[in-house]
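Here the chain labels run A, B and C in written order, and each chain numbers its own residues starting at 1.
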Amino acid sequence: MSVVLNVQGLEKSFGAVVAAHDINVTIEEGETVGVIGANGAGKTTFVNMVTGYLEPSAGAIEFMGRDIRGRSVRQITRLGLCRSFQVPQVFLSESVFDNLMICFGIAERDGLGLLGALMRSDRGDRVDRHLARYQIADYRDVAASALPQGVRKLLDISMATVRKPKLLMLDEPTSGISAEEKFGIMDILMQALKEEETTVLFIEHDMEIVERYVSRVLAFSQGEIICDAPTEQAMVDPLVQEYVIGKEYHRARSGDGSGNGAGEGEAG
Amino acid sequence: MTKYMDRTTWALTIGLVLLIVVNFFVPEWFRSILLLSLARGSVALGLLVLWRCGLISFGHALFYGFGAYTVALIVKYLGITDAFFTIACGVVVAGGLAWMLGFLLRRYRGIFFALLNLAFSMILYGVLAKLESLGSTDGISLERTTFLWYAPEGAANKFALFIFAAILTWGVALAVHHYLRSTLGYMTTAVRENEIRLEFLGYSAERAIHVKYTISGLVGGFGGAIAAMTIGHVDPDSMAYWPISGDFVFIAILSGTGNVGAPFIGALIYELIRTYAFDQFPEIWQLIMGGTLLLIVMFLPNGLWSLVDRWSKRRTGRDRLEAEREKA
Amino acid sequence: MDSQLLVIILIDGLVYASYLFMVSVGLTVICGVQKILNVTHGALYAFGAYLTATLLIVYFEAGWPQFGAFFVMLVSAIFLGIVLGVIIERGLLKHLYHEDEHIVVLATFAAFLVLEDVLLLIWGTDAYIAAEPLMLLGQTDIAELPFDNYSLSMVLLSAVVCVILWYGLRRTTFGKMLLAVIYDRELSQAMGINVTKVFLLTFIVGSFLGALGGAYQAPAISVQPGIGVEVIVLAFAVVVIGGMGSIPGALIGSLVVGIARAAAVHMEPVLELFVIYMIMAFVLIVRPQGLFAPAKPRKI
């Protein structure tokens, strides 16, 4: 297995606030990594830095053996590191189909090729297959603004996978989704990503989701990684129990499942 | 491919044939109105391209004036009256200016974008009105336009100019139409609605805007060049002053952004209302124009084309309009 | 540069700056509170100039006490501010506050076109000259050059307007309500401020200031068609330079533009017209929010 992402000594501070301190992570091909941590622990900041949205104060980021620190969001996206958003970022006035058509158009063409017609029937077929894989084909012609939250989440994630990324980062795929829906949506998602053999890293507050879908956990607290271990091991790690999950989680496993009592999630 | 059959191309072509046929029968004054509609419609088409991504320019007289003055100055200083050459220069010069300003303007959105355009157009106005070599406030009169070796006299000149302008405008409209249907063109919506997502899809919103701005400058210059040849005279007040930019926005909102043909229909209606009002009620023609604009803004904010959309929606049952309502 | 030229530039610049301040301060007040760029402001200026000019002609023919002329200006400005202000705000803007900012500018542009013709219908295309107040105040020699006292008095008027506005905003309840609405409309509404009323009153005050600018300028110019068109775009430039909605911004913007223009007029007349827009473009490029952008609340 080859290394997809290698992050060394990543630092970020906003004024006096340290949002990331000495972050070292290596992700190998085919892994499914969960990132957990309380609000403000630095999870989204980490994703933002790796995807080029935020410039790190120090450290090195290597993606597929290439130094990507300081590159723009779109350069990194083009290299095959894509992300989805905690709050879905879609083109609200367009239909689901048109949203994906635009994504496919941009992913498939470059430079002058972008002057080719967007609405080609072969591209339409690819979009329809994509919609089927994410099981949102029923909503094909519905405007994105009119979608139920779960479907909009799936649309957002499916838009991020159009480029067939080597590594996909999902920012809280189940936030804003009801407890009944969440496993259904995660099943669809993980199945689709497995078919595309995508390496996945996702931020998640819900420990049930983490235990069920993730092979390895990165636990963040106050800008530092306090635990990097296989899931079962991480769940019983004393530091994780103290700072992330809360001690009651394993005793009670009650409530909405987000053991640390996380509310709205942190601002992206 | 039949699924994406293109009615607009057909409609534009039929429109061109109609115009050429009509050209044989119309009186001189109406031909001028049609010519000016093509010219102003082109500038409004440039605004449409920007408007689709949510940007409005309050200074597109800048490109209109640049195109017009380029033609006039070539006639005055180089003595070249050939329509093909002068129009090409007008388009290239205005487009080049748009491309250069684009590096700056692509960083701006909303009212700042609109006002920065206004500022640039007023700088041009100031230069044109003050420099003696550019004709000052009196402007420059053009000699009769020639077409390669063909130099028609009298009424035949306008007749030839009309066919020339109609064919070129048809080409311009088709090119813009093709652009809007391309992947780059569809990014309009992406830019308007979610620039962040566009970046994370791997394309620069600013570059997309830059392309749009350059295109709108090119067609703006084209419109100005046609107008200069039609009127036979350029001066700062009728080519570059701020109310001229207002007229273009007026035409654009009257037309709606639904289709590349709309600005030309809008421009024709605008010219007709204006000519009629000016002729019949010279004291209150501005009042009539302002009143019309107010009615459009209040009751038909998506322009005349939204009527066509509504009609075709009833026929095809597409839900696009629904989506637009939702957004509004 | 010799000192005489410097004095001329400074004084001319100051006078022109006062004129700009008078026409732009109302615009910026409306812009700050209602978040709209109000093109009809140019028409208010023109109406102010026309009404004052005609009234002054009548007034001086009747031979009433000469200094009452200034009272005439004030009364016409108040009259126009209330009448036109109410008509425009209640009749038009009220329906447009939820619309896109571009649409509102267009609507006021349309209303401006209508008002321009109403102006022509009432006063025709003739020029009106009512220079009596200008004569009345005489001239003063500064650095051996004659300056109209009337023009100099415009500096005084601007200063007075400035002080009154400052006092009104900082020391009165209405002013504090206004500041609250400028800062955050929704929150102010939630705190029980009647935003509808604040909007109307602001618009009346802003319109009054526009009309006053025209009224006071009337004796110094030939009042003729097109003055509104010219003024509004100048006022736009000043407001953009100073920062949309900022009164100190309008003041500084006016001074910068006024002195730059005076320098251009006396040193390089070719630059006169576009030096203003050069500054406007420059400011938009370097500091798009303007020199004195009002503080914006964080919306997250």
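As a convention for this text, a contact is a pair of C-beta atoms (placed from the backbone, for glycine too) under 8 Å apart; a residue touches a chain by one contact, two chains touch by 3 or more.
From a predicted model like this one, the values you see are computed outputs, not experimental measurements.
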item	value
Chain whose average C-alpha position is farthest from subunit B's own	A
Chain nearest the global centroid, as defined over all protein CA atoms shown	B
Chain centre separation in whole Å, for subunit C relative to subunit B (CA means)	33
Inter-centroid spacing, subunit B versus subunit A (mean Cα positions, whole Å)	44
Rounded Å distance, subunit A centre to subunit C centre (Cα mean)	53
Contacts with two or more other chains, residues of subunit C listed in rising order	none
Subunit B-facing residues of subunit A, complex	51, 72-74, 77-78, 82-83, 85, 89-95, 98, 101-103, 105-107, 109, 113-121, 124, 141-143, 145-146, 159-160, 162-163
Touching residues on subunit B, where the partner in the complex is subunit C	56, 58, 104, 108, 110-112, 114-116, 118-120, 122-123, 125-127, 129-131, 241-243, 246, 249-250, 253, 283-287, 289-294, 297-298, 301
Subunit B to subunit A touching residues, read off their complex	1, 3-4, 178-179, 181-187, 189-190, 193-194, 196-204, 319, 322-324, 326-327
Subunit C residues touching subunit B - in the complex, by the definition given at the top	37, 92, 95-96, 99, 101-103, 105-107, 109-118, 120-121, 229, 233, 236-237, 240, 244, 269-278, 280-281, 284-285, 288
